[in-house]
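Presented sequentially are two complexes of subunit A, the first with subunit B as partner and the second with subunit C.
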Partner chain A sequence: MTVAVAHRRPPRRVLPSGGRRARRADQLAGWAMASPAVFFIGLFGLVPLVWSFVLSFQHSNFQTSPTWAGLSNYRALTHDPVFWQSVRQTLLYTVLFVPITLIGSLLVAAALNRKIRGITVYRLAVFVPVVTSTVATGVIFGWLLDPNYGVVNSLLEKAGLPAQGFFTSTREALFCIVGMTVWGWLGFGTLIFLAGLQSVPKELLEAAAIDGCTRRRAFWSVQVPQLRPVSAFLVVWLTINALQLFDEVYVTTKGGPLHASTVVVYYLYQQAFQFFHAGYAAAIAYVLFVAILALTLGELWLTRRLDRDRAS
Partner chain B sequence: MRRTRLAPIAAAAATLLALSACGGGGGKSKGISPTDALDHPLTSSITLWHGYTDVEAKALQTLVDQWNSDHPSGKVNAVFDGGNDSALQKTTAAFVAGNYPDVAYEYGSSTNNLASQSKLVDLTSLVKNTPDFNWNDFFEGERLASTVNGKVVGIPALQDNLALVYNKKLFEQAGVATPTNDWTWQDFRDAARRLTDSAAKQYGWAYVNDGSEDTVWRYVAMLWQGGGQILSSDNKSPAFDSPAGLQALQLLHDMAVTDKSVYLDTGNGDYLNLFNSGKIAMLWTGPWDLSSINSDVDYGVTYLPAPTGGTHQTISGPDVYMLFNHSTAATNTAWQFIKWFTSPEVDLQFSIATGDLPLRQSVTTLPDYQKFLDKYPGDKVFVDNLNNVKNARPNIASYPQISSAIGQAVQAVLLGKADPKSALDSAKSQVEGILAGSG
Partner chain C sequence: MTTHIETTPQHVQPGVDDVPAFRRSRRRRPSAWHLVLAPLGLVLIVPLLWMATTSISTLAETRRFPPGLPHSVQWVNFLTAWRQSPFGTWLLNSTIVSVSCVVGNLVLCSLAGYAFARVRFTGARVVFIVLLATLMVPFQVVMIPTLLIIKDLHLVNSLPALIAPNLVTPFGVYLLRQFFLSLPPELEEAAIIDGAGRLRILTRVLLPLMGPPLTTLTVLTFLNVWNDFLWPLIVTSSPHTMTVQVGLATFQSAHFTNWPVLMAGTLMSQVPVLLLFVAGQRYFVSSIASTGIK
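This part shows the complex of A and B:
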């Protein structure tokens, strides 16, 4: 009985002031240890963020003193046809890239989530594109998809199909970039999904098997629902990266032909470092920043709601 | 790296940031009176940034070492800046950090951006009032490229131009007479057509078709050949929408779309590999490509062909050394060094070591010039061709945008997406917008 009472009553704290002092010392130590990171993140993260916000209200060519522009950079954006084209193309790219990568990496992860001989080799093979430099990827795809001398077209011709323009065609360039980036990101998604699959409790699968569930059914009805948090993370991550697409465009089409693969960040780069319209480029960056923020918050909200619906 | 697509945007933002600061900082510096730097005894060492690699870097260092041993109180420290492609970005960023060089190698297209930099040394009176510098000895195209709004902002560093380079064997096999300096566009078009074999994927000509300046400048040469200009003489309105501009686009259309005799290079530079493997018979290219042509390819070089009633004009893209002021003493050293480095005798040494074209007319009269020709036989035509450089692209801050608009027009025509007239009209209205300041 006395034991139970003692349990119910929290032990009285001895030396409350000393405890507080100790806690403050802990906090100080914590901040001291975190301060280099805080300093550098602040310096290279927050300061540029604020500064480019200011820049977006200025006309600047990087050389002479900037002049105040008010809202004119933002206003000019609203009737810049190339900007809107780049927005449409970025959205089209995102709508294709995110689901294809997501479903593709889920399937690959499922295929790799088994114990067969040499599985490490397969897993490694899938992951290699992720660590391959984008420049190398771009050059290789450029060769494969060369309209005249590329392997893909010569295979198409052997199969009696018409040769394609790929990166040189205004209709196909963006889709080629989708293909190339899906190839490059599949390994990343697979890695995440594989980790997710392996953390699904074995008991669940065993219980399903005892209930007479097929392997395929167990995958879709037991494992996939367990992957929801992992998928939510991937969707957000892939979306952010899709909206910030740049490297692959830079190393393959340079936004062409005829702006057909110009995406927002590439256009930003062009404005800033080819035309030296620093203020205008900063305005584009801010519009993109707000769009990404809104989209990410939207996705997170949606995931939480779905989770709540499921829980209730 | 792939997973950090955030990186470019963050880097871009940070650079935007960092760079924007320099605008403010730049205004406070004291300007230097150029004549202050004239012929004082050297008391300061300087730093020179360049993007040379390989043979050129070695040749530069050899000459710098020679200068340093003769001038112990005014030494030059030559620093590789990571490559000429990014020289403008690097120098611009360096102004913020305050560690900008005394001399920097810059592309001619960068001059108008750096012309407004307050640290820049205005060389106008210096080059014109220094008798032994002999400014007019530099080829005309170089002098034009070094001048922004009448102000001399740099000293010529590299000279090139476009000429017709052809594979002799392919001409022989097809039984086509080889190009001459008197060729017309019609001769050129006919030859390209006859040298094209679509089954063997062999083309008469190659054209860089990424819409960049690489696409534009070949078109600009054709525009000038027909007597056209990019902009009006006051740089206030477009002038390429002329019969000369149309006729040039028409030729591109006729060759690429009608004859299909042109390999359209997406900008990855494959044209040279294809030329080496005998898939392309003719190129319009510069001396920089000669060293990459395989030794088993027997090639010839001639002037560019001319349109009926036109000229064999070509285009050059000269690069410059720009001087930035730290102190009078440093600028004095910088000027003395550059003056020496671009003097005819030293320039010839550099040319002999590298195969780069001489910067000055008088170099071709030096006794050792023959050594250069013997060592680089293909360069002879390129040197003669310097006299066909009569025009320069406008040195104005909005040129990259104008170039982009023209690039889109040329690309649209080559891809068969637009007829020459409507492509030209659309480029014209875009350029009007750019020049009016709304671009």
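This part shows the complex of A and C:
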């Protein structure tokens, strides 16, 4: 979200402060007011960012003092088959999760954007998963999709279909995680789209109506194009979160079976806190950081370019 | 508020949807959209309903075929979950951590946001840009050194370790700074002429106007911290300091096959936030939406 916002800085307006005394008072007050925030963000934001970079060039096991490793962590990464598998799976996950969530939440928002009796109940049903924690989501879906006693397999059997392995199947685990996380994020996307739909100027809809436009046509040709900035934000936001997937994997599959659902952050977690390869994990973290930055900036660049092409 | 809507088609209604007079046949009540919305809502809510159903069933009932509602409500599942694991402690820990982070963000981000928006001091611009840059850093990138810092401070396995990294967020500073910039400076001029200090202006003149952004910051901080999993997972290992999310994950591995008790525990862990959400749905929705729109 921040990335989308930060580029447009509003004009800075500082009150005309009185004489020299007032200005000196402002010096003091400014630093006094800002310093607690600066201290905490520095200590837990900036210092670890630099430290992490240094750590990625070291061998460290959290206990003994680290030794210099040069580029060997990064070099080892390029030969690590599990790392590459986790990269492929993270990308596959992202490529599925982002569009499904985006289109799904647009359709749900369109359906919810009307005043009919009981709409608040439907909205509640859509929004409740947003506040359900990722851990609870994982536990609940683990039960729904339990291969032996889960309700989904019961229903499949009843319909005469073969029971599935779901999280225990190497072929299905990642797709189950996609489905589960789409459920968790659909309400968020819907919320953003609903707010976007409601900020479409009424004059546009009135003009469309005067021109004899049907309601459905007005939705696709008038309202949806107005949602471009909102959609751009959502794509960026969903991508960032998809690349950082961890909680649901930890709770349901622990990256398995046979690494079939190991995503980058899960592998990073394993390297750091199960194998105690802190330096190697830091290298993974930095690769992830650069990838997220590049993808985010790339998406922003693309949307702006598309906007310019449309305008001309 | 929706009761009068369908009766008079000519009546101009205030809803978004009903503004222009689109070509359409006279709408029958009830709206046909229920046929779309009811199954949709049901599909989305089914996982949570199934959690609730399982939590009041016996183990045998969860294994019968086809699945259905329990014969009698088994409250004992909740009792078992509560007795076997310190859910009370976990919920209390989560509450302490979340509330501390909310208060920290409200106070410290207001101060810093105001300073960066209105007070002229050396280095303000550079410092602000550097703070803003940390917004783009995913937590996973900094989590290992953060843990090392917490270790050096001898805070591992403590509530302060859970609170400190989230006590101030660059997002909060940014959000409130933008809000202060949107206020007319004239508001403060009179107070400045009267010789009021900056802190006094902030608390007496501006604070009463800060309802909406502070609500947003409260809701988002609370949700983020309450539902946070990775940081509490790596920094706590004792059941006494765990938050409810990490507690639930350990509870899950301990009761992997006793689904009714596991679902009872899961439900208990979600109840506080669910109740808050239902009570303050309006605030939740506008807070989450405002971050997306801006």
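Everything that follows uses one rule, which is that the second predicted complex is superposed on the first by the 277 of 312 C-alpha atoms of A that agree within 3 Å, B and C clash if a C-alpha of one lies under 4 Å from a C-alpha of the other, contacts with A are read in each partner's own complex, and residues count from 1 in each chain.
FYI, a residue touches a chain if its C-beta (ideal position, glycine included) is under 8 Å from a C-beta of that chain, and two chains touch if they have at least 3 such contacts.
Worth saying up front: this structure is predicted, and the values here are computed from it rather than measured.
Enquirer: Overlaying the two complexes on subunit A, which is it for subunit B and subunit C: clash or fit?
Expert: clash
Enquirer: Mind working out whether A:Leu197 is in touch with subunit B, subunit C, both or neither, as first, second, both or neither?
Expert: second
Enquirer: Regarding the shared-chain residue A:Phe44, is it in contact with subunit B (first), subunit C (second), both, or neither?
Expert: A:Phe44 contacts both subunit B and subunit C.
Enquirer: Who does A:Phe273 touch here: subunit B (first), subunit C (second), both, or neither?
Expert: Once the two structures are laid over each other on A, A:Phe273 reaches both partners.
Enquirer: Give one of first, second, both or neither to describe whether A:Thr64 is in contact with subunit B, with subunit C, with both, or with none.
Expert: A:Thr64 contacts subunit B only, not subunit C.
Enquirer: Where does A:Ala282 make contact in the superposed view: on subunit B (first), on subunit C (second), on both, or on neither?
Expert: After superposition on chain A, A:Ala282 lies in contact with both partners, subunit B and subunit C.
Enquirer: Could you say whether A:Gly256 touches subunit B, subunit C, both of them, or neither, answering first, second, both or neither?
Expert: First partner only, subunit B.
Enquirer: After lining up the shared chain so the two structures overlap, which partner does A:Asp247 touch, if you call subunit B first and subunit C second: first, second, both or neither?
Expert: It touches subunit B and subunit C both.
Enquirer: In this superposed model, does subunit C or subunit B come into contact with more residues of subunit A?
Expert: The larger set of subunit A residues in touch belongs to C.
Enquirer: Regarding the shared-chain residue A:Arg23, is it in contact with subunit B (first), subunit C (second), both, or neither?
Expert: Touch status of A:Arg23: second partner only.
Enquirer: Per the contact definition in the header, classify A:Val130: touching subunit B only (first), subunit C only (second), both, or neither.
Expert: A:Val130 sits against subunit B and subunit C alike.
Enquirer: Residues on subunit A in contact with subunit B in one complex and with subunit C in the other?
Expert: 44-45, 47-49, 51-52, 55, 62, 129-134, 137, 139, 142, 146, 149, 188, 240, 244, 246-247, 265, 268-269, 272-273, 278, 281-282, 285, 288
Enquirer: Considering the complex alone, what residue numbers of subunit C touch subunit A?
Expert: 2-3, 5-6, 13, 15-24, 29-31, 33-34, 36-38, 40-42, 44-45, 47-48, 50-51, 54, 62-63, 65-67, 108-109, 111-112, 114-116, 118-122, 124, 127, 130-132, 134-146, 148-149, 164-165, 167-171, 173-174, 178, 181-182, 185, 188-189, 192, 197-199, 202, 223, 226-227, 229-230, 233-234, 245-246, 248-249, 252, 259, 262-263, 266, 269-270, 273-274, 277-278, 281, 284-285, 288-294
Enquirer: Can you list the subunit A residues touching subunit C in their complex?
Expert: It is residues 1-3, 5-6, 10, 12-15, 17-18, 22-23, 25-27, 29-31, 33-34, 36-38, 40-41, 43-49, 51-52, 55, 62, 108, 111-119, 121-137, 139-144, 146, 149, 151, 154-155, 157-158, 183, 186-188, 191-192, 194-199, 202, 205-206, 208-210, 212-215, 218, 230, 233-234, 237, 240, 243-244, 246-247, 250-251, 265, 268-269, 272-273, 278, 281-282, 285-286, 288-289, 292-293, 296 of subunit A that touch subunit C.
Enquirer: Please give the residue numbers of subunit A that touch subunit B in the complex, ascending.
Expert: Against subunit B, the touching part of subunit A is residues 44-45, 47-49, 51-52, 55, 58, 60-66, 76, 129-134, 137, 139, 142, 146, 148-149, 167-168, 170, 184-185, 188, 240-241, 244-247, 253-254, 256-259, 265, 268-270, 272-276, 278, 281-282, 285, 288.
Enquirer: If you look only at subunit B, which of its residues touch subunit A in the complex?
Expert: Those residues of subunit B that touch subunit A are 1-3, 5-6, 8-10, 12-17, 19-20, 22-24, 26-27, 89, 92, 113-114, 116-117, 201, 209-212, 263-264, 266-268, 270, 274, 279, 397-398, 400-401, 404, 408, 411-412, 415, 417, 438.
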